[in-house]
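Each chain gets a letter, A, B and C, in the order it is written, and its residues are counted from 1.
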Amino acid sequence: MYSMAQATLDFLNANPILLALVKILIVFAVLSGIVAYLVYMERKVLAFMQARLGPMRVGPWGLLQPVADGIKLLLKEDIIPGGADKFVFLLAPAISVAAAFTVFAVIPFAGNFFISDINIGLLFILGVSSLGIYGIILGGWSSNSHYPLLGALRSSAQLVSYEVAAGMALVGVLLISNSLSMVEIVQVQQKMGVWNVFLQPVAFLIYLIAAVAETNRNPFDLPEAESELTAGFHTEYSGFRFALYFLAEYTNMVVVSCIAVTLFLGGWLRPFPNVHALDFLRFAPVAASLGAAAFILWLGLKSPVTAERYFFAGLSLVCLIVAGVVAIPAVLDAIQGLFWFTAKVVGFLYAFIWYRATFPRYRYDQLMNVGWRWMIPLALANMIVTAIVSYFVRIRPHAAVTAWLGW
Amino acid sequence: MDLIKGLRVTFSYQRPSATYTEQYPLERPPVAERYRGAPRLNNNPETGETLCIACNLCSLACPENLIVVGFERTQDRKKKLTTFTYDLSRCMFCGLCEDACPVDALELTQDFEIAHYSRDGMVWDRQALEEGPRPVRFTR
Amino acid sequence: MPEATFLDSSELVLNMGPQHPATHGVLRVKLKLDGERVLGSECIIGYLHRGVEKIAENRTYQQFAPYVDRMDYVAAVTNGMGYVEAVEKLLGVEVPPRAQYTRMTLAELQRIASHLVWLGTHALDLGAMTPVFYTFREREEVLKIFEKYCGARLTTHAFRIGGLQYDLYDGFEGDVLKFCDYFESRVDEYEQLLTKNRIWINRTKGVGVLSAEDAVALGVTGPVLRGSGVKWDIRKVQPYEAYDKVEFEVPIGQNGDTYDRYLVRIQEMRQSVRICRQCIERLEPGPIFGKVGKVIKPPVGEVYHSIEAPKGELGYFVVSDGSTNPYRVRVRPPSFVNLQALDKMVRGHLVADVVAIIGTIDIVLGEVDR
């Protein structure tokens, strides 16, 4: 069994193209599942914050809700408006989804698990995510109706403005890490022993707000809010095309969270990676699985339906087995990076949902006000200050910071 | 910052004790005693005969005129109830008929699950009214 | 002349149709736009007209009472109170004090419930999707009290001409006091979520300004009038029931914008709690029905009686010709008159603000159209 695994790995390492294809398949499959269940998680978390329960009917505790939604959207009638430009109409959601998924090619999920590590990773990400805006504009334009067009124009103007702010915030990180490659940025954080968020707090805040605006989420979701006049660029889309736009939006959320985690929160590093006193944090995956098992058991035992109780007990048992498997040192070491990365991304996504539950919506002109009058000057100032500081420490910030921190 | 205060409020709501939902078919809502739901014609518990004296006060009180009381005179010139029709599709459940009845024969019960598949099913005759509410039990 | 398209900067007429998630019912608003700015508006109503006033002519006075609840369906108890008091004024009937205090308690609870609906839907229109769930949960408690008292939550038919049909159930005082106690902390929570929130302030300050002169000239009443700075509350100016015997304050705003109206309504909720507590204290055992016969035939005459409903001044003009049916019942709905101020308030704002302004006037189409 072990030798068979070894043989497969050797074979894959020998054919790099095949290896890349396998990685792409894995990432794509896992990501699609994650995005589908992100929708579920959003509905549940939003519901709990609003003192209600969320989906409960479809499957135990509503777990099959994304499946039901997917099937429903697939089976819906595909309506194409009469005067619409057919080719562009069909192409626009595909552009959005493709741009959203392509960014995952350069994001490092763990120290040794990434599809590719090009040395202009950050530039690639900024470029491709800007391409996603085409999907919105083309979608609104090809619908041949003025409400979607107005919505698309507003949405793209908002996205472009906040892209500028986000890009400028990321330049601060660039100045510290001296490299555009995503893997190297995390490695620099490891060498410095401190996450970039502590060195660049202003940039982190700016990027956070710009990220919320980039993905058209509350409080910046005027272009797609139902209670406003222009119903948004995806009015004329139905069925699976609408699902594609929906998918693109949630994938964008995940992308933006992954970028923020990699650049600011240390990617796959655990908190305080160089401090040996905190080495017991290695066991965090085991603790997390045990915690999940206990939580699922507690939740499940409260259900009045017997079948559900058995299901949850089974699920809890699976979590226990996972905890056991993860406790094996070889597996624990292999899974460390992935675990911390996932934990941080989930934290970010939770923050997105939290903002949606709490804040009212900005009006469009106030939104652009915030973007152009506050975010961009602040990002510029941050850039200048970082440049000056890093010049004075002779472009070897990690050594100077380590010396200053006394490690 | 003011925004953080708002975030704290929503975060604190995630404890399960704050959830206010009742999952309907499994948990029925507790209904008050005076709830004005489906009507019922009461019978005398000992003799089993109807309490209604066919005085027609409920039908006169109703704003929608949807009660039709049929009666016949017995030998000693007393009224006896024969038919009693109540049209639920127009009923406002205002309770004026229940207030008007002098002998507490007509009563609005706590039954609120009176949906029916056809409009004719909403017109209840005397037998349906005397049987009282027949809620359909749903399973999961 | 070039064909006018939507991209021209000439005037554009936009129709916010009767079916719209944010117009609180079937209201149709035609907006004249110049780009994004609103130049003027026109409201087209009547989509919910049910002929309530005509129905009144064919029913007896007691039979008409349930219909009155259905006009402002969010605040049914105060509707009933206004009608019943108007007929009592016509009859010259004195209502016993126990009935008066009970009516006041229920009316203030209804005011709280109505303002909760307003708060939830207004916040939802502006994008904050959580307060609506919290406010409706509070409203559940109020509706449960109504259900235990009179048997229905929304179309309560709580009062009868001359007094009350039902005496208080056991535990009424306990329920109301318990509600008052935890409601204050809940209002604090809503304020924490919204009042100092910079996004909320950005969306509501300076939006929909109505000056005091305009407000009085247009005849608006209720929180819209008080938000513009005019201290006019019918409970203080022409007290009915026993409002002159309880202490409460009337909050007023300064600028007449949406934010002030929001603050006024939040303060009104707190004052209502205060009134409820005082009324519960003053409840004493006694009769609940005045001297009214089974058949009501008021003397020939007419009466206009108005009360302070949650939305404004709700007035009833009842004309009697001596028979059991009223000759004419004319309702002065507060939402109908307040809606006239929409045109004044909306000029010069962006389209996105129109939704906020419609929300802040607090209209219920059932009342506007009857």
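Quick note on the criterion: a contact is a pair of C-beta atoms (placed from the backbone, for glycine too) under 8 Å apart; a residue touches a chain by one contact, two chains touch by 3 or more.
Computed from a predicted structure; not experimentally measured.
Undergrad: By CA centroids, point me to the most central chain in this structure.
TA: Answer for the innermost chain: C.
Undergrad: From the C-alpha centres, identify the chain that is farthest from subunit B.
TA: The chain farthest from subunit B, judged by C-alpha centres, is A.
Undergrad: Which integer distance in Å separates the CA centroid of subunit A from that of subunit B?
TA: One centre to the other, that is 53 Å.
Undergrad: Using the average of all C-alpha atoms in each chain as its centre, how far is it in Å between subunit B and subunit C?
TA: One centre to the other, that is 29 Å.
Undergrad: How many Å are there between the centre of subunit A and the centre of subunit C, using C-alpha atoms for each centre?
TA: Here the centre of subunit C sits 46 Å away from the centre of subunit A.
Undergrad: Which subunit A residues reach two or more other chains?
TA: 49-52, 357-359
Undergrad: Would you please write down the residue numbers of subunit B that are in contact with two or more other chains?
TA: In subunit B, 3, 6, 9-10, 13, 20 touch at least two other chains.
Undergrad: Considering subunit C alone, which of its residues make contact with at least two other chains?
TA: Expected reply: 130, 133, 137, 193-194, 197, 199.
Undergrad: Show which residues of subunit B lie in contact with subunit A when the two form their complex.
TA: Against subunit A, the touching part of subunit B is residues 3, 6-7, 9-11, 13-14, 18-21, 23, 26, 140.
Undergrad: Okay, in this complex, where on subunit A does subunit C touch?
TA: 46, 49-52, 146, 150, 218-219, 221-222, 225-229, 356-366
Undergrad: So in the complex, which bits of subunit C are touching subunit B?
TA: 59, 62-67, 130, 133, 137, 140, 144, 147-152, 155, 157, 165-166, 169, 189, 192-194, 196-199
Undergrad: Can you tell me which positions in subunit C touch subunit A when the two form their complex?
TA: Residues of subunit C touching subunit A: 6, 14, 16, 21-22, 123-130, 133-134, 137, 193-194, 197, 199-200, 202-203, 350-353, 355.
Undergrad: Spell out the part of subunit A that touches subunit B in their complex, as residue ranges.
TA: Listed in rising order, the residues are 45, 48-53, 56, 304-305, 354-355, 357-359.
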